[in-house]
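This structure is in structure tokens; I'll ask about it shortly.
Chain nomenclature is as follows: A, B, C, D and E, assigned in order of appearance, with residue numbering initiated at 1 for each chain independently.
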Amino acid sequence: MTVLRVIAVLLTGFFVGLTLEGIARKIMARVQRRYGPPWYQNFIDVFKALSKRGISHGWIFDFGILMALGGVIATLAFVPLGDLVAFPGLDNIFIIVYLFAVGALGMAMGMVGSGNPNASIGVARALTQMLGYEVPYLVAIAGVLYYYKTSSVSGLMMAQQDTWTLFKMPIGGIVAFISLLGMLGKKPFDTPIAPAEIASGPMVELSAKYMGLLMLMHTFSIFVEISLFVDIFLGISNYLTFLLKFTVVWIIATLISAVLPRFRIEQVVKFYWKVPLSLAFVQVLFVLLGWVF
Amino acid sequence: MRRFISIVIVFGLIMFFINTLSLLPKYGSVNISKVSEAYIDKNVNGNGGNVKYNESESLENGAANVVTSIVVDYRSFDTLGEVTVLFTAALGVSLVLNGIRRKKYGRRPNFILRVSVGILLPLIILFGTYIFIHGHLTPGGGFPGGTIIAAGILLLYLSNEEFDLSKTPKFVEGISGSLYIVTGLVGLAIAGVFLINFLPTGIVGDLFSAGIVPIVYILIGFKVGAELSGIVADLHREG
Amino acid sequence: MISLTNLILVFLIGSIVSYLLTKANKILGSIFNFLLISYALYVVWNIKVGHEEVLFRILRDVERTLKVTNLGKYFAIVSLIVISFVAFFIIEWIRKKDIKPAAFNSFLLLMVSGILGVFFSNDLLTLYIFWEIAVLGSFLIVPMGKKESKRAAIIYVVTSAIGSYMYLFATFSIYQRYGILSFEQVSQYLANDSSNLFKWFVILFIASAGIAKSGIFPLHTWLRITHGNAPDAFSAVLSGQLVKMGSYVLAIALSVFPTTQLFSSFYHGVPLLNYVLIWLGNISILIGTFMAIRQNDMKQLIAFSSIANGGYILVGLGIMNSIGYAGGLFHVFNHAIAAAMIFLSFAAVVYRTGTTKIDEMGGLIWRMPWTFVTYLVGIISLAGIPPTSGFISKWMIFSSLVSKGMFITLAITFIGSVGSFLYVFRPLAGVFLGQLKRKHSDVKEVPIIMLVPMLLFVILTILIGVYPKPVLDSIVSIENEVGIKAIEHSGTIIKTPLGQWNTLTVFTMFSVGFIIAAILYMIFPKGKKVDLTDQYTGGEYLYNYDLYHYATGFYRFIERLYDKHPSFEKLYEKLVSFFRYIGYFTYKLVYKTSPSGYVFWITIVILILFWVRW
Amino acid sequence: MVYYIAFILIGVGIYGFLTQKNLFKHLVSLTIVDTAVNIFIISLGYIEGKEAPIYSKYTPIANFVDPLPQALVLTAIVIGVGTLALGASLLIKVYEKYGTLDVEQIATKEAEE
Amino acid sequence: MSALLIIIPLLAGFLFIPFKEKAKYILPLVVITTLIILLLLSPDQTNAMGGWKAPFGIVLVLDSASYYSLLVVNIVFLLISLMPQIVEKGYSVVLLILLASTNGLVLTGDIFNSFVFLEITAVAAYIIAFSRKNPYGAFKYLILGGISGAFYLLGAIYAYIGTGSLNFADISVNIKEGFLPIVALLIFIGIGVESKIFPLAGWVPDVYDSGSPLTPVILGTGVTFTIMYLFGRIFITVFHGYFLDVVFIFGLLTIVLGELAALRQNKLIKALAFSSIAQAGLVLSTISLGGYEAIKFGYFHLLNDISAKLVLFIIAATIAHNFTENKIAGVSFSIASFSLIGFPLFAGFRSKLLILQLAFSKDNYLLPAVVLFATVIEAAYILKWNIKLWHSTNTGEEKQKISWNVNLILLIVALLIIFIGIFPDLYLKMAQNIADGLTNYRAYVTNVLGGM
């Protein structure tokens, strides 16, 4: 039974993720007053990349990509999509956050293994950025955990009987959203992949199949991050309403990223540890004192 | 500034000592302690009593000069230590200044000195020996006698450039020192007590009285004379 | 099964025997070492808990006993596993160690005898005695490393002396106040002692020995120099095991004398004393993490990570609720194994390349793949990433902190754990990945004897990562012994009030994901194998590919944020020079002056005494 | 009365130590202190109107001053002489080695070593 | 009969003055004879010199305290005499005199006699201090010794005025009450210079650094023990522990400042000199805690310190650079330094532990804090030297090889230190007897004055 649920989760992740990415490109284009490619463009890119014959830099290069994709798939399996929960009771928030790190580490290792310094710089930036957005995110989530006294994501979702956690702890919601932007690697926080400075960072040596696999990994990771946000902050939702909330959050994120320029990497860390972290602490103080809406 | 501090400190020190005066008896009106009382009446072992010069006979000590009786008989262990200090000092001087040749000052001692030494030297030596022979009768004793002899030797050094004592003072010093200890050991052998006065003490006042006191003082006289002349000799050596 | 005292005696005599053996033949001596240590592991493994032995008598009415407690047994097994693996590693490593191999082996055994004594002593004084023997043993080995290790040894001994002498001070004040020294009696007397100040003083001073040894905040400066410069194989033992002695004393100070009963709760059931210690742990996590990111010498980098992890253990132990305490103890195991694994791989790297500077190396994965695998699994466990055991303890500490609601500590532990991704990645990228330097092109993999312990470590970490039952069982037994509500875990599922997770499902899910990715990888056309130097260089032509390796100043952009950080080493340096100046001042004033100076002092003494007396 | 003289002499000796720069002067002040102490000891033994402690024609019966301090002084003087002799020879060696007896110059020379 | 212990070395000294160099061979013989005599004597007897009973004549007291102190001092002299390499040309006679004077100091029961023997020891020490081109140090020591002698003499005279006689027992029984402070102060100054108390012992580093190994070894061990014994005899038996609180403060001062000064020395001998100052301070402050236990542990620590110093000084003076050639010396050096710091397997640990336990039982928290602080500093500089000597690479200068007999003695003492570390009751029994002798002054008085 769980196998079916896992497959369902993966498939949704694949199809919904790719389509939404296509839509995002459409929205981006509209903001820049151009038509933009059709919404199924991403499907074409993925299949085209996978069919080509690229180059590989040794066994660690391949192993890195496999580990990245494997990690993200595993993380995705644990994430509850609304009421569709692959492993009821075992989906602990810390597991998801730290399993996600396996994917990140695999990708980082593979890219640096390629030997190109641009990749190393990109990975260093990615890790620093992670240091930046991870801490406020986890503090905010810890506030929520402390309030609801459970750390399983589906439990958190179910606990939002009366109002959404977003309304119960608005500051926590804002902090989580800002770090969500950092996690997605969208425009204001896409220094690790900055195409202008370090030739698209870690992806510099990727070609064809590896590029395709990485695109897949990217979509799955986006899907994990946003679904986490939706589950925790946006109230109880069955499968369909979950997807609806998912697309709304996704659209807002793309809109924000379409207009903002790129941060420098020190600014990212400084920003994350100045504004969101203090906000998170304020929120946690409120939770401790019991001032929750 | 440094002088001012030292004056203050010295003043403080003197005040410290003056403060102790309150304890001491007034100058001149000291009452004799029980120990010195016994030394004067020579009745440490209880069979003393009034001592009269030239009359009392075979007392426990017999030396007319009470100070000598203390120095050589009652507290002779002190003097043994005393002699060792001088011995070590002389030894030290010879070790520190292990000179080989006689130091030449390059100027001839003037005529008067050279001639008068011939006359004076025997007198000085005679006077020195007199002092330490009569140690137990007249004031003075082994130490002053020895110093006088050494002064004679010094006079010799000053009077002519070539004069140099050979190793003889070392021998004299060694022998007299060990003889002194041997007398003590004889007392130990006979009476089981080190440095006891095993000879008869005779009549207070005449030459051959007071047991081993004169013998010891003569030996000390020789020893001190040899040592001090040894020191004088070392000071005159160089290289 | 020989008794503990004989075991300790065997090690003391063994150290002399191993000295002679190694003098005869290096390898023979090291093999003897390994056999003896593994025999000790065997003895300790199946020794019965509660087994008591009388050792010897120093103070009149307090006779010394050795008593096997769960806590001691757990720590002893962890340490002996680390040391026996390292001893096996040394068999090959000693061949290249030119200076004093015989002394190295003999002092190693001396240290192990000290360690055994520490973990099984039943009262404060025996623990101090064996503690000093262990310090002596390790002190004699440290200076055999690089040039800087001479100074490191001094700093090491002085810091641990400060800690252990405060400990001794507390021991004697207890002895003077109660007349007893063994742990149970002391905890009873402390429990019904009235004066709060005395309890604070005693526990803080006893904990100070632990703080000094496990490199917690005020006394952490020695770790960087000692681990960085000690002989490579020994720094694995030093950080893997000796630091754990410090955690052991901290565990005793916190749990054997149950601080929770001694003091009223200050914040959600955590007494003020624990709160202070937790904050010390926090500061050392911050210092360890941020300083590790800056380091360019890989061994010093991991030394700083030991400071951070020491802080973790203290935070874990300090919380004193079932999850937190279990997390702290589990982290002792993880960090011991991970640190030893990493240091062994560094020893292998240094064995081949001779340098520990990250920027002088690169691309060693192509020549030393197995060392790379060890290092990779090591950092995964150190950073606390799920499939390995490192994650379990971090997860426990996080959930206990959340349930206690201590959010600032929680934030700092997050910084520590995310920060650990950064600094463990730096050697990975700088040493193993990236361009292979020309001078290292002929580097070969380390001989098999060195690889065996490393790979055993790898298997052990993953095994415990997936199936943590044996470690969790011993932790449960410890918690029962210490009187804390034990955590419930069944098979591979760990339950906490906040939530639970199954290590097995995580692992299977990860491998399933990996298989899916592999299938996708297999279906599509294979990539053409390309040489390392065939890179996208944006059009410019490169002659010397050594320069094409990004390792120097890997995190320069973060380091720039806190360049002017307060350095405690400089502070302690100033302190030492201040003492030295007083010494110089007295020497100049009293001992070196002219005779008038001497007389001056005599008169001053007279005047003072005169003034005081009258 | 004589006590004051003895104490002032000790003071002079100590003052000599504290202020003088030349080492030989230190030796001299040492002798001053020794003699001052000896004077003090002798003065403690003196009793008004009593004779020197020797049985002789002129003082046949015991009407003497306290003999013990005099005996002790005899020893103390000889010790003073011993120390003085050794001090003088050491000074010769100091002069040979440093070429000067001034304390400052010796300190500078020693600092150079 | 106990006078023989002083007379025989003296006689040998006097006889061998003309041929000083030959004295080197008879030195061991003399020391052995004195040891044999000592072993033959029974511990509680008093011999009046010259047959004059106690308060009048000079009395040599041989009770359990002086018996065991003599044993220690003679054994130290025996060890030194078995090492002719370290004795300078012609210095054996000085050693003989020194042996006689140290035995005298231990035995004497008369305050003026102790002054005389103190002066003999001092003069012999000046000569030894001069041994190899160190005239300035020796001269400074002479000046300091001279002045302290003068003060000691003043103290003796005040005691004489106070009690009427010069005998220790007599003084301890009937000294007039006003005199005690002044006498104690003056004697404290007199002995303070010799027993290395902080402000008074300015001579120690320069004299110990005199270049020849003999000076630090004999002054650091034999003479120090005698002076400490004399200190105990006077301040405990005679003054019934009157002045000890002042001594306690000076002792603490000595420990702290001695250790700090040692921290900055760059010559091994000077560092060890300061360490011996600090250890002397520790012994003094332990003794001045007062009570039978305190004295017992104080002397126990003194015994440990002396055995460690014996080894350290010989090595520091002969081969002050690396140990690569002479391993045995290196090992014994390390063992001695570990015992000095107080690592568990060694003797020093036992004595430090007992001192700490004692201080705590007397509710004195200052001494343990100072002792532990001093041990931390001591660990710093002694281990620095330990490492520097073991791992120094400059094998440039002359490869001085220690001769076999010195090595043998070093090893024996080192093994003794370990043995004491494990079974301390050999030294403890000695310290116990010394403490017995010193503390029950009633037995001392009846023994000496014969129940006058």
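Assume a contact is a pair of C-beta atoms (placed from the backbone, for glycine too) under 8 Å apart; a residue touches a chain by one contact, two chains touch by 3 or more.
Quick caveat, the model's predicted, so the values are computed rather than measured.
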item: For chain A and chain C, chains touching each; value: none
item: Chains contacting each of chain B and chain D, listed by label; value: C, E
item: Chain of greatest Cα-centre distance to chain A; value: B
item: Of C-D and B-E, whichever chain pair has more C-beta contact pairs; value: B-E
item: Interchain centroid distance [CA atoms averaged], chain D/chain E, Å; value: 28
item: Interchain centroid distance [CA atoms averaged], chain A/chain D, Å; value: 97
item: Intercentroid distance (Cα basis), chain E paired with chain A, Å; value: 78
item: Centroid spacing, where centroids are CA-atom means, of chain B and chain C in whole angstrom; value: 75
item: Junction residues of chain D - those touching two or more other chains; value: 14, 17-19, 23, 26, 44, 68, 75, 79, 82-83, 86, 90, 93, 106
item: In chain C, residues with contacts to at least two other chains; value: 592, 594-595, 599-600, 603-604, 606, 610, 614
item: Residues within chain B bordering two or more other chains; value: 6, 9-10, 13, 24, 33, 35, 39, 75, 78, 81-82, 85, 88-89, 92, 96
item: Each pair of chains that touches, named by its two labels; value: A-C, B-C, B-D, B-E, C-D, C-E, D-E
item: Residues of chain B that touch chain E when the two form their complex; value: 20, 22-25, 33-35, 38-39, 44-45, 73-78, 80-82, 84-85, 87-89, 91-92, 95-96, 167, 170-171, 173-174, 177-178, 181, 184-185, 187-188, 191-197
item: Partner chain E, residues of chain D touching it in the complex; value: 17, 23, 26-27, 30, 33-34, 37, 40-41, 44, 68-69, 72, 75-76, 79, 82-83, 86-87, 90-91, 93-94, 96-98, 106, 110
item: List of chain C residues in touch with chain E within their complex; value: 58-59, 129-130, 132-133, 136, 139, 143-144, 150, 153-154, 157-158, 161-162, 165-166, 168-169, 172-173, 175-176, 579-580, 582-584, 586-587, 590-595, 597-599, 601-602, 604-606, 609-610, 612-614
item: Chain B partner contacts - residues on chain E that touch it in the complex; value: 1, 3-4, 7, 10-11, 13-18, 20, 47-53, 55-58, 90-91, 93-94, 97, 100-101, 104, 110, 112-113, 116-117, 119-120, 123-124, 126-127, 130, 135, 158, 160-162, 164-166, 176, 178-179, 182
item: Chain B to chain C touching residues, read off their complex; value: 6, 9-10, 12-13, 16, 19
